[in-house]
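For reference, chains read A, B, C, D, E and F in written order, and residue numbers begin at 1 within each chain.
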Amino acid sequence: MIYLTRRERFNAAHRLFQPALSEEENQRLFGVCANPNYHGHNYQLLVTVRGIPDARTGLVMNLKELSQLIRSEIIDHLDHKNLNLEVPFLQGMVPSCENVAKAIFHRLRPHLKGCELHCVKLIETENNYVEYFGD
Amino acid sequence: MIYLTRRERFNAAHRLFQPALSEEENQRLFGVCANPNYHGHNYQLLVTVRGIPDARTGLVMNLKELSQLIRSEIIDHLDHKNLNLEVPFLQGMVPSCENVAKAIFHRLRPHLKGCELHCVKLIETENNYVEYFGD
Amino acid sequence: MIYLTRRERFNAAHRLFQPALSEEENQRLFGVCANPNYHGHNYQLLVTVRGIPDARTGLVMNLKELSQLIRSEIIDHLDHKNLNLEVPFLQGMVPSCENVAKAIFHRLRPHLKGCELHCVKLIETENNYVEYFGD
Amino acid sequence: MIYLTRRERFNAAHRLFQPALSEEENQRLFGVCANPNYHGHNYQLLVTVRGIPDARTGLVMNLKELSQLIRSEIIDHLDHKNLNLEVPFLQGMVPSCENVAKAIFHRLRPHLKGCELHCVKLIETENNYVEYFGD
Amino acid sequence: MIYLTRRERFNAAHRLFQPALSEEENQRLFGVCANPNYHGHNYQLLVTVRGIPDARTGLVMNLKELSQLIRSEIIDHLDHKNLNLEVPFLQGMVPSCENVAKAIFHRLRPHLKGCELHCVKLIETENNYVEYFGD
Amino acid sequence: MIYLTRRERFNAAHRLFQPALSEEENQRLFGVCANPNYHGHNYQLLVTVRGIPDARTGLVMNLKELSQLIRSEIIDHLDHKNLNLEVPFLQGMVPSCENVAKAIFHRLRPHLKGCELHCVKLIETENNYVEYFGD
């Protein structure tokens, strides 16, 4: 079993905001991260798959295909977007690093053939990141 | 003469948008960077000052004071903010990396005593940055 | 279950030195790292907690609180300090990367409420780091 | 139990090429990575061992010895070499990141005394890496 | 005047080899870098242009255009290639970091309109890089 | 003219301390950096030389020779040392980043043959560095 990781990046705006609560309650919970006019990040997304390398090619998965899959399913929907307003698969949730990583995991998993999705790591800043390994 | 550099960081939302032009013209000029709902970045700001180290302290400038100056004059106004909407000293301009760096330079320069502002370097992504040395 | 990591930093002096042994034996065991006048590092500390994101906030833990906890319990006691001489919770041990990481883990764990301490990663140089996950 | 990681680096040429297949089939499988004249990488190798720190020294393993072991067994054989042509322990396989990491793991493991080899992580580019933990 | 930098990357094989000299003389001059079977690097290329930001767009140059220019003129010719054998504009010279940077500079310069090529920085490893500013 | 840079590293202890002043005055001037028991850093030293690449080798300077020069003249004297106590060429000065960079420059310059020392850049932390270009 080998673990193979591909990094992709996207730049997006967001705010931590729970629509079920008042603006004041959001400010209290999330502080400056709840700023109504948004802020943003250069997100780094690390997708780890695991599998047995193919005996002939020596590859767990073709990296170009893995990159294209991440781009078509995830990056094209998040890059230069507002995570609160413009991403259908993130609607109805606070776009916290935790929730975004989880949504990316569940969106990517069904597309992987011949290897298994092991981890989605989402780096929000040089000091903060989350990892999700599925339930 | 020694050049001393301090790095600070801020996370902000912006869009490349020239209000004097139509939405369509902005899209044509700036592509996805003109997205009306904004995107964002983890900006890194590197401020370089130059001067003769003090004979007694060996310092061009106290780094804690330089850091506090950059924070109070710049970071506190940009971090977790929307560069198009919320920053008085960026109003009336496209918040391109070029324009933001230039505005930061001119805002910081009058506050430096005993040494000279040499360069403002603003890193927008791991692939893009600008440097401004004054006119 | 989501794993959330916060990075903090501290700059400290130390030497690898076992007081129960002679100076010569320490030199033999630890080489230049036993230099009696100390050397030092820019340490990077990565603290990983795990938990179920709160349904309302989408957060495993408020990052500002996690940062403040790490600072008040760990960084304030280690930053700009001598790890052999000035840190009560490191006394009586060689301040190796292994021992310091372990001590940080056990000092932090009781303070976490609502999520669990998963890992302390301590990066001593760009080439060396340790990870401790509890016993 | 503590996990201790040492990073070493090597610069090497390779091509993804399966000798049992035709040149055309290799091009189809591996694209530009099959270029007959080779390309190359600055590889980063992270070796993680795990063990109980020695009660006297506080060390899982002496880092200088770990570094020297990795250099004598691995780096000296790979650095400034062609992975397809010049490395006896890589012959008969496609020098994919997966296969190289696995070969390094099995070559290093018998040499570790007093601690166990946990993981070999091989970083090929800033966007791609693999990890192998043994079978 | 603003300085704008774009980073692109390419992975290539090379050897330091002067065809006018014997194999032995090359080994003596270049050591392991002259290995006949090549080695390779993940090169990072930083291209800096300078100009006055356009009053309307706030840009020295459109970054997408700068990126595409660097890719079509440079990266497409160097990535996954052998710098000694396959790059017409590098023939007849030792593909040292110095010579490659200089060749890239002179190849790019005529293509820049409305701003000036200031510097080509070529990073060969995390420890070595060169900069060329034109003659 | 090409600018060639080599990075080397050293880990050292220091304190900002001016012996001509009282302990109290040092604390007032330098704050926690004056801690009597020292703190330390992983210093990165970037040495830039400039020259015309040799027509035959394509090199400004042999990088192995540049590395060995920096190690024998600088790193061997600073690595795992106390900058206040153990480095003859740093005695009689506050070991600030400014003063150390300047001392390194003047110590290295006479040893360079066939090219000129352009800059010494000394990185003390990920947020602070100085550059010295000679007087």
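Keep in mind that, in the parts below, a contact is a pair of C-beta atoms (placed from the backbone, for glycine too) under 8 Å apart; a residue touches a chain by one contact, two chains touch by 3 or more.
In this text, all values refer to a predicted model and were calculated from it rather than measured experimentally.
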Moving only from a chain to one it touches, give the least number of moves from chain C to chain D.
1
Centre-to-centre on C-alpha atoms, which chain is most distant from chain C?
E
Just give me the whole-number Å value for how far the CA centre of chain A lies from that of chain D.
29
Counting in whole Å, what is the centre-to-centre distance of chain A and chain E, each centre being its mean C-alpha position?
34
Could you pull out the residues of chain F that touch at least 2 other chains?
126
Between which chains does touch occur?
A-B, A-C, A-D, B-E, B-F, C-D, C-F, D-E, E-F
Provide the residue numbers of chain D that touch chain E in the complex, in ascending order.
9, 11-14, 32-33, 35, 37-42, 79-82, 85-86, 125-126
List of chain A residues in touch with chain C within their complex:
16, 18, 20-21, 29-31, 93-99, 101-102, 126-133, 135
Touching residues on chain A, where the partner in the complex is chain D:
1-8, 48, 53, 56-60, 63-64, 67
